[in-house]
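In what follows, chain A forms one complex with chain B and a second complex with chain C.
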Partner chain A sequence: MFFRIMDKDRLPDLVAGLSKGFEVIGPVAKGERFVFERIETPEMLRLDYDTTLLPPKKLFFPPEEQMMRFRVADNEVVDDEVYAAPRVIFGLHPCDINALMLMDNVFLGEYEDPYYRARRESTMLIGVSCKPTDECFCNAWGTDEVHWGFDVFLTDLGDRYFISVRSVKGAELLDEFVATRDADESDTAAFQQHTRNFKNSFTDDLDTSQLPLLLDAKFDDPLWDRLGERCLSCGACSMVCPTCYCFDVTDRLEADGKTGTRVRTWDSCQFTQFAEVAHGQNFRESRASRVKYRYYHKQWGYLSKFERVLCVGCGRCARACLAGISPREVVTALEMGGAS
Partner chain B sequence: MPPRVVVVGLASDFGCQVQMTNIEDQLLDVLGRIELSYWQLASSGHMPEEYDVAIVEGAVTTGEHVALLERIRATASAVIAIGACAVTGGIPALATSGSLDDHYACVYGEGDVEVACGRIAPMPITSVIDVEYRVPGCPIDMDEFTQVLSRALQGLSDCIPREPMCAICKTLENICFYERGEVCLGLITRTGCNARCITLGRPCTGCRGLAEDANLESAILLLAERGVSREDLMTRARLYNTLEEAFTR
Partner chain C sequence: MSPLSREFTANPYRPWPARITSIMDLTENEKLFEMRIIDDSVREAFQFASGQFVELSLFGVGEAPISISSAPSKQGFIELCVRNAGDVTGALHKKQCGDIVGLRGPFGRGFPFKEMKGHDMLLVAGGLGIAPLKSLINHIHDDRHDFGKVTILYGAKNPSEILFRYQFDMWKHRDDFELILTVDEPDDTWGDEVGRVTRLFDMIDIDPTNTYGAICGPPVMYRFVIDEMRKKGMDADKIYVSFERRMKCGIGKCGHCGVGHQYACIDGPVFNYWEAMNLQEAI
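And now, the complex of A and B:
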């Protein structure tokens, strides 16, 4: 990794330059909130955003995607191409970059997903520094920092960006499209100060050190029943989660009954249908068990396999849950001795 | 021989049958797979004695409706209930809130009314006969209808969704009405319409019925915290649903 400095007023040059060769996607305003969308003009890009409604996972693993088309008559696959244009996602926060790396473990690991891979490989990532919101708890998992998993990362130093360049492609993009200079000692000092200030700006310090142990110990805690009583089983938490990767696959026939499409859609472990199997058996029938296993999967199961929890503390689920269930509340309740 | 299909309307505004005429893009494809024997809205003939699939719109409001439904059930190998009236009672079932006699007197005056043909308390057709397939909503979503019809023609089971609307609404990146202090019934209403109203800027009014997965008790509590009483929520939900039982259990 090496470091460059870009004056802030050069930002439009970079965005406009990238737009010549790539589809540029970044945070844009939608009412009071923000969404990742195609950037048509540099002014659309809102690097001052707090968080987005959906995380960038939608750009690699869309909420609904056609996996293939098929003919009914001879059962042949007609089209299973993945279209992935070269693109740049501009303005990811550290939590969302960390989340993509957690998704990579799943989609690019033992069972590789060609749809995800095609989109991932055609996409460059430009990160940007952020400020914690009331819902953020990335500091609890260490996902407030990101050291790899991006091509370029911009840290906002007021009048200029301190640029961490992680990949050769990232360096080439900067050289091609924008004027930068080497970082000097005062830039590096300002960057260090910024990092210290950022770390200190988190008011809440969630203690997650004993979490796996606590989860083992509190499997039958009444906490899970209390949460089950409140949970709406609406699945909003899974949809807005940058690391929830479960999906459903359905075949849909077209109106003429001659051709069909196989479609993959986001699923949620909070739905009764999720764990229902043949003969109507359901091994997650109660709401309490469904809420519980969401936490056991994220904070225990994934951890035991990949040595990371499947949560980056982005706070989207806490904001989306009308019943007010948040990982911060759950972890705190476990630390404080559960519901008992 | 392609399956013989009839389309029948009970108490409703026939809006779902009108909606069926709006699938120009797919109508010929669908018609190519069936023999449309009777379509109450669009044909002038009489309902045949024999058919394979019956598509029924509307709520049950008279004894004649009950007799017709029983005949349909005895004849058809598959019945598809379409629209809020047929699936959840819809607007006609609003008459079951308060005194039914008073409501009738308000419209028809006192005494027995001949046009009402043995009136009974309005109810969804699913309260009278078992149906194989349901397409809820006011009006029905035509993509969903063609999918369900397709399943019926193939003999596949019904796959009516059980989850509330919030998940699909999130994937569409709509800003939640509750963030703006407005009430939306999506949190208890059956999904499957792509959160169409919400995406167009209107809160969900519950036309697809109460979702089986919905946690009504929790929804009542969290709405109460936001100043919406149980009664108010029930009044809102009653527009398309006979829900007294669900709300008072």
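And now, the complex of A and C:
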């Protein structure tokens, strides 16, 4: 990997430069929180953000998207072209970059998803270092660090950014739009110190030992019933999750009934009908079984295929949950001996 | 906005247009549809295994996973045995011969036909579960010399719900298949067995060391049939079951068909019993 140094006051140059050739998207303030939105002027970009309401998955796998337009009479597809404009997402935290790589395993693996792929390929990623919030537990999964999956990554060293350059495109962008210099020994030392401080800023270390096995061993634990009693099945945890990828597909007819659009929308395993089949049999009728399934799939189902858990510890679900259920609480309860 | 060049050749969500070439009423609620994919090269490339399914796609209504009933040994068309049970299957039941529908697939893991070759077979179906099993039964029929003893147990609620009766009535007279039919509620015309399919296990004689089992039926049936097979001494990993789940995308993405830590659409829908035992909430 190559490393460059950029003075902080050069940041507007970079953002303005990028805006000439790309749609630039980054964290912007929305009330007291932040969202990923189009950056119209460099001042809008808030690299000091804590986290965003929705994760960047919405930019690759939108809450609602057209898959294809169709004609009813001969059951034929009229259009399934995927359009994707060249974009830069500026300011992703390590958790969200890691989350995209976990999504890649699903959407870019066997049976590649053309919609996700088109957006992924047309988008460059610029990461930025962060500070843990009270809800963050990325350190439990090692997703507080990111080593690939971005084009460039900026580590904030106070007056300057230590830039990790991962891709050719990333290197070209820097060369084209902003003045940088090579990193020297003192920069590398400062980077190391920053990393040490960052690691030490996590207040607790979540115990996740043998978690997949515990999920099986404690499959019938009363813990799940207690969580089921609290859960409202609202699905907010899935919507704000940077790694939840489940979706529903529906057909919408035009008024004339002759043509229409096949649309996919975000779905959640927490919704009552999620596992229901044609004759009305529902394989996960109880709330407890649905809450459990979400953890079971994330910490074991996905892991059984891709050797990683499907969680990056961003803490968004803990913030979003109206019942106050957090993965930290659930994992701790499992590790400590079930319902308490 | 510029269209991105697409290196991939196919959109796995895009159904292939297929023509309905035959419709047969099987019961009041079930019809057998024969379909042929219209594109010649796609139709010829369409290879499947018994136990695999397709997504039947009716634009304006939606998609439904349907297991293939015809045998892989018969090429150029597929048969789908469809119960009128929901929006998509209801709309299909209104279709006529010659109408065009959409098909995606074939998807999933089917029965391990090659592995089963050279052995005895015990096939147990309940109700609509005969639909995927008929593919395997007919495949075995077309490769009959590669198998030992073949026993088929098939149960339904009443005689009018016995599917493919025209075929099974003929087969009852063959000596290379042992076929036993049973219903819970017989009528005056019924001359076969009465009672649950598990009751038939007292009537059959199998060599447990050399027999593969295949079971398909309503979810409640599995545990009881597997118990009978285990009592006969069959190994857990030689008993195959096919699960019905909500396989919406068919390609391991939408998440609806999760069963334990697996997805029925790509890891199944056929699992052996050892695998199924290790899937939470499967049986």
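Details
Here is the rule we use: the second predicted complex is superposed on the first by the 339 of 340 C-alpha atoms of A that agree within 3 Å, B and C clash if a C-alpha of one lies under 4 Å from a C-alpha of the other, contacts with A are read in each partner's own complex, and residues count from 1 in each chain.
We adopt the following convention: a residue touches a chain if its C-beta (ideal position, glycine included) is under 8 Å from a C-beta of that chain, and two chains touch if they have at least 3 such contacts.
As the structure is a prediction and not an experimental result, all values here were calculated from the model.
Following the overlay on chain A, a side-by-side fit with no clash is recorded for the pair chain B and chain C. Once chain A of one complex is fitted onto chain A of the other, the partner contacts of A:A320 are limited to chain B, with no touch recorded for chain C. Shared-chain residue A:H194: touches no atom of chain B or chain C. Using the contact criterion defined above for the overlaid structures, shared-chain residue A:R226 touches neither chain B nor chain C, since it reaches no partner.
Within the superposed three-chain model, A:K8 lies out of touch with both chain B and chain C [touch as defined at top].
In the superposition on chain A, the chain among chain B and chain C reaching more residues of chain A is C.
When the two structures are aligned on the shared chain, A:R71 is found in touch with chain C, with no touch to chain B.
Applying the stated contact rule after C-alpha superposition, one finds that A:V240 touches chain B and leaves chain C untouched. In the overlay built on the shared chain, the residue A:G257 is in contact with chain B and with chain C. Contacts of A:R308 after superposition: neither chain B nor chain C is touched. With the two structures brought together on chain A, the opening angle seen from the C-alpha centre of chain A toward chain B and chain C is 70°, to the nearest 10.
The superposed arrangement places chain B and chain C with a least CA-CA distance of 6 Å. Note: residues 253, 257 of chain A belong to the chain B contact set and to the chain C contact set alike, using the contact criterion stated above.
Within the complex, the chain A residues that touch chain B are 30-33, 35, 53-54, 58, 63-64, 229-236, 238-240, 252-257, 266, 268, 271-273, 287, 320, 322-324. Here chain C touches chain A in the complex through residues 1-4, 6, 8, 11-15, 17, 57-64, 83, 85-86, 89, 100-102, 219, 244-246, 248-249, 251-256, 258-262, 266, 280-281, going by the rule given at the top. Against chain C, in their complex, chain A makes its touches with residues 67-68, 70-72, 74-77, 80-86, 106-107, 109-114, 117-118, 121-122, 216, 219, 245-251, 253, 257, 260, 262, 267, 269, 274-279, 281, 283-284, 289, 293, 296-297, 300-301, 304. Note for the complex: chain B touches chain A at residues 23, 26, 29-30, 32-33, 146-147, 150, 153-154, 162-167, 169-171, 173, 175-176, 178-179, 187-188, 212-215, 217-219, 221-222.
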